[in-house]
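Each of the next two complexes has chain A plus one other chain: chain B in the first, chain C in the second.
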Partner chain A sequence: MSLEMLQPIAVELSICGGAIVLLLVDMYLPDGARKHLASLTALLLVVALYLSTRFDGQGAIGTVYFGSAFTQLCKRLLIVATLGAVLGGRDFIAKVAPRRQGEYYFLILMCLTGMMLLPGARDLILLIVSFELMGIPLYVLTAFVRDEASPERRLAATKQAAEASLKLYLVGAASTTVTLFGLSLLVGGAGSTRLDALLAAPATPLHIAGLLLVLGGMGFKIGAVPFHMWVPDTYQGALTPVVAFLSVAPKAAGMATLMVLSVKAVPSSIWQPALTVLAVVSMTVGNLMALPQRNVKRLLGYSGVAQIGYMLLALCVGGSYALAMLLFYLCGYVVTNLGTFLVVHAVADREGDDSLDGLSGLARRSPWLGLSLLMFLLSLAGIPFVIGFWSKLYLFMAVYQAGQGWLVVVGAVLAVVGLFYYLQVARAAYMVAPAKPQPLQVEPWLAVMIVVCLLLVTGLGAYPGPLLEVCQQAADALLLGR
Partner chain B sequence: MTLGLCLILSAALFCIGLYGLLTHRHAIGLLLSLELMANATNINLIAFSRFRGDSMGQVFALFSIALTVTEVVVGLAIVILLHRAYRDARVGRASEFRH
Partner chain C sequence: MLASPVSLALTALLAPGAVALLLAVATPLRNRKSAIVLSVLAALSSLVAAILLVKGQLTPTPPQLLTVPWLLQGGVPFAEIGLRIDGISASMLLVVTFVASCVQIFSVGYMHDESPPAQGRYFTYHSLFLTAMNILVLAPNLLQLFLGWELVGVTSYLLIGYYYRKPSAAKAAVKAFWVTKFADMGLLIGLLVLRSKTGSFDWDATITPQAANLVTLLLFVAVMGKSAQFPLHIWLPDAMEGPTPVSALLHAATMVAAGVFLIVRGWPLFELAHSTRAFMLGLGSVTALLAATMALFQNDIKKVLAYSTCSQLGYMIAALGAGSLLGGFFHLTTHAFFKALLFLGAGSVIHAVHSNDLRDMGGLARKMPVTTLTFVIGALSLAGLPGLAGFFSKDLILEAVGEHGFSLWLVLLLVSAFLTAFYMGRLLLRVFFAPATEKSSHAHESGGFLLLPLGLLAVPALATGYFGGMFGQLYGTAYHFHLGNIGILAAGLGVLGLLLSYVLYRHRAEHPALLAPLGRLIEHGPMDRLYEGGFHRVALPFAALVGWIDRYLVDGVMNLTGLAFIVSGQKIRRIQTGIATDYVLATVGGVLALLLYGVMR
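For the complex of A and B:
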């Protein structure tokens, strides 16, 4: 075994190593210097992004891992999402958990390592280990309790964190056990842990049961209905920077894993009906449940459930074009949702009010923040000409071309319902008089990250071409490669 | 002992665990139910490995045990947090958000 063999996972290794160094550095840092850990993390992520251009990341490691244009795209997307969440939440974390910053960034980096290994995993053991490497840090991250001076507020913060993490943990641990049970049936049937052996295995009832159990476990991680019970409570209770991370990166990784499994391991006749049901139910429940919500984080949680429903539409259609459009949708979703949560973070955590009323008069208190929020909401709703419009348009086109016109009709009707609650948030920001008239201050790095998201959302909306091309290449690489 | 019997045993264990998971109100009881379900997986893996005569199932079982243990450790930590917040580890207490 030579070192060159590890070239496809060089970026993951550097992040994992960097995370361990970060934890060691944290031990010897004086309390006042801990705020630099965020900068160290960000630096590490930028270096990883640079490394991902230096190493082409192509090629296989035995039968366990296969790097291609697909894994490269997923990795970069995940690093960018993490970078946004880390820098956006930097000052807040330094304020509410000053002594625990080392653990916080270590957990985020470990989670990132797991996520980055997922799209290239071609072996069930690597798949489930990376899946857990992604999942377990998230349980801990949602359990972070704000430091509060007074005992009453401290207790309230503890209750919030306990509820948020408990909901995520119970559903998460249950779904992991269910996935593992499903995998044990699959391994027994196929006699091997390789994904291509699963595709070749005879479709016995045991095998089909295993595949459906695995689909259930994956459905949890992306928050599809009926595995979405944790989403609203966890989103409401966890720290907003954690939610910003949780709502984009693990969902992207989970979606990429589902893509790999559906292309490489599962005959399409078995998952397709189940995926169609998941997609339609997720879109419907997500959009309808978001309507009455008054808490912004909760509302965005249900909106995320609905967005996953749209992506599952493309997944149940399958084929090179639909998968490319799914990747494009995923990129758009990551950038937009990250931006939305960062704006909510900038407003709600400063005011200590994460209800819709907390956003009231945002456009008057900080015009650029109001404009950013409006653009992100329009993109989530799919209004021209931001990125969300193109991703919905192309996605629906791909589904229509595959002869599933009725799915497009369902999706389009529910997108109109979605428009209603997105505009309700925008209405609070633009039409309602502010509760407090004074202008809103935003920390510099958070502002930079929001502006970057805004530029990406509008820029990619104006020129979607290059990204579309990259996504098409990635989808082809997934279909044609090992 | 045949493969079929082992699979029935593991399916029974899994269902008992699932039943416990759905009916228990105490967080520790939920963790125990999860353990039952995880052990059903391990029995499956080892039975397949034994009756097929290869070692892949055993390797997978080792990984599966390690994963379950890490998960339960985090779970216990969350139970402690829950107890700290409510002086009680019944999960029904922690549902304040919906109100």
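For the complex of A and C:
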């Protein structure tokens, strides 16, 4: 085995190596110097992004891994999302968990490694190992606790974080069990752990049951209804920078894996009807449950469930165009949702109030932060001139052209329902008098990350062409490659 | 001609756009008087460009297109953006920029008491709105029209909710946005259907009549929302919570007319769609009558005008439904002028009396002569008094509807014509000629900034009717005025309405006993309640129900069925009390459902 063989996963390996180095460095750092770990992590991610342009990342590693334009796009998207979450939460983490920073960034990087391996995995063993590599750090990350001075407040914060983590863990453990059980059925039937062997295997009842169990496990990763129950509680309980990360990167990785499976491992006749139901139910429950929420993080949690529903809509249609539009939607969702959570982080964690009231009068206190939030909300709602509009338009177009007009109608109706709660947030920021009149200060790196998201959301909204090209190439690479 | 049509159109589009962007970014500029100056100057330069553009279009020229391929995908453009300059877009541009300029000048005086930053915000929104409207008007295809349409919606949300400290204004803004947005779904889906049937977003693409019916019906849903047609009209009266000049701009001349403009623009499609047009004719007539009836019983001067707008939009829709492009678009034009005049006049009155209520007004004719004169011109034009602008355009509509013989729709429209004159007569009497009240006795004539636009708008409200030939030329159809039986009947009904209102309301504010039950029914507002209740009684409980099923039903079902899972469930229950178990059970339930599906298939 030569080293060149590993070229398709060179970026993952460098991140994994970097994470271990980071952990070693952390051991010898004095307490005061730990705040530089974030910068080190960010540097590592930037280098990884650079490396992803140096290595083309194409080609296979045996039958286990296959790199293509599709994996390249997914990897870059994941690195960018992680970079945003790391830099955005940098100062907050340094403040609330000063001694555990090394651990925090190590976990994030390991999670990233797992996620980046997923879109290229063509073997069930690699798939499940990557999934756990992604999942286990998340259980720990969601359990991070604010370092409160007073014992009572510390206890309360610990309880909240423990609840967030435990719910994710319990549902996650159940899902992993289900997935593994499904996989054992599949391997037993097909006699191989390769994805293409699954596609070729005869559709015995056990095989079908295995495929559906795997779908259930995947549903948990992306937070589709009815596997979404952890979403609102975990979002509410975990630290906001962690949620910013959790709400975009693992979902993107999960969605990419689902795409791979649906194209490479599962005959469409088996998953398609089930996916349609998951899509419709996720859109409906997500949008309706978001309506009465008063906590912004919970509200955005349900909104995320709904957004996943829209993406599933494209997945159940399938085909090159729909998959390309799904990738486009995914990119738009990652940028927009990350930006939204960073704004919420900037406001809620400073004020210690993550209800809608905490956002009141944001536009008065910090006009640019208010404007950013408004743009992100418009994008989530799908209003023109921001990327979210094109996402919805293209996605609906793909679904309609596949002859599923009724799904478009359902999606469009629920998009209007969605408008109602997005507007509630915008209303709080723009039309409610602020509880505290003083201007809001934002840490420099957090501000930079929000502005980057804002520029991407508006820039890609004005000119989505290039990104569309990339997505189309990636989708074709997925369909035509191994 | 010095400037080419394209550069003129670009000027009209970019001048307010640049100012809006500048004011949005440069806070110091926005917080001073400079915001007002810049915004008004931009509107005026748009107006000049529009005038020159119309002048150029008077000689027959082929439509000029300037388009750039946009959203390239595999080298093939998904759509195009750009400008389409022809008689229709030029004349609509003229209407929009003229009214917008008048409204902005009026606002200088009207918003004088607000703080400079608040004024800056207000004028920034105005510039943004004008930009959005121009994007819509100059659109070369339906996609760009939709983009402008949505931007108009967002901006209107900001303008209606301008008094955001007032809860009712914020609520009205949300309601307006929500109702119109709900209707916009139709436009979105219509776009998708059009694109997949014809491969483009052009409204003159080749299409089968059947597909045209489907597409136009979907588009018409959006029109119903934007142009406040029954039963989606409910947002318009509430939107009166915004500043009065905003009502003049949005709810008289521009935004609500955008729906009618969409039909005019998409005429190649609508012309083929006979079923859609039949529906439009019916719905327009019904809206015209219903809204006119409701206008009669309002005591808020702005709400009278709001319902009147609904009613007049109904006329336009009916005209287009009957196949008369000229009738619909001509009425749009005249209505824009006289209704903007009426709203601004109402603004002048409200400014003087400090109340919206008709019962607080009276006797203003002596105190506010200029406002009175211009308002009367507008009101009589709306009432269809022969010789004024509204008479000509309304006559055109009635002739078109009556062309195919005597029909129910014609009767509805004629009755509405009578009611229009009747409620406007009541309004005039109560505001200007009734005895003065405590509040109105201290009123005095408004200042120059308020009166100038009134004068400017009164001219077209009087005289546009005589330029029918010119408008016909712009739209590419012939217009000859001739007074037929229907015209005489309509004029007679208008005069009768005015006279009757004089007899009934000369000496008293209350409605006559005969009309009282109808008034009670309308004040009860059954439609509005239905919608209000809809959200609270349907959407929220549904959310609660879904949540309940999520948490309890799944759990309950689990306890009854999967025995093995219950054992594991009990174990988790012992580890962690609370609802975490339900979460796991929901997951397991989902998996079971999937397996069940696998068994069933």
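We take it that the second predicted complex is superposed on the first by the 482 of 482 C-alpha atoms of A that agree within 3 Å, B and C clash if a C-alpha of one lies under 4 Å from a C-alpha of the other, contacts with A are read in each partner's own complex, and residues count from 1 in each chain.
Going forward, a residue touches a chain if its C-beta (ideal position, glycine included) is under 8 Å from a C-beta of that chain, and two chains touch if they have at least 3 such contacts.
All values reported here derive from a predicted model rather than from experimental measurement.
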item: First, second, both or neither for A:Val178, with chain B first and chain C second; value: both
item: First, second, both or neither for A:Ser192, with chain B first and chain C second; value: first
item: Which superposed partner A:Val408 touches (first chain B, second chain C, both, neither); value: second
item: First (chain B), second (chain C), both or neither touched by A:Pro205; value: second
item: First (chain B), second (chain C), both or neither touched by A:Leu166; value: both
item: Which superposed partner A:Asp354 touches (first chain B, second chain C, both, neither); value: neither
item: Contacts of A:Phe420 with chain B and chain C, given as first, second, both or neither; value: second
item: Chain A residues touched - chain C or chain B, whichever exceeds; value: C
item: Touching partner for A:Glu443 - first (chain B), second (chain C), both, neither; value: neither
item: Chain B and chain C footprints on chain A, overlapping residues; value: 166-167, 170, 174, 178, 233
item: Complex interface listing, chain A residues touching chain C; value: 166-167, 170-171, 174-175, 178, 205, 208-209, 211-213, 215-216, 219-220, 225-227, 229-230, 233, 270, 273-274, 277, 284-285, 288-289, 291-292, 367, 378, 383-385, 389-390, 393, 396-397, 400-401, 405, 408-409, 412-413, 415-417, 419-420, 423, 427, 430-433, 464-465, 468-469, 472
item: Interfacial residue positions of chain B with respect to chain A in the complex; value: 7, 10, 14, 17, 21, 27, 30, 34, 37-38, 40-42, 44-45, 47-48, 52, 54, 56-57, 59-60, 63-64, 67-68, 70-72, 74-75, 77-78, 81-82, 84-86, 91, 94-98
item: Chain A contact footprint on chain C (complex, rising order); value: 27, 70-74, 78, 146-147, 150-151, 154, 161, 164-165, 170, 173-174, 177-178, 181-182, 185, 188-189, 191-193, 195-196, 535, 539-540, 542-544, 546-547, 550, 554, 572, 576, 580-584, 586-591, 593-595, 597-599, 601
item: Residues on chain A engaged by chain B in the complex (per definition of touch); value: 124-125, 128-129, 132, 135-136, 139-140, 143, 145, 155, 158-159, 161-163, 165-167, 169-170, 173-174, 176-178, 180-181, 183-185, 187-188, 191-193, 206, 232-233, 236-237, 298
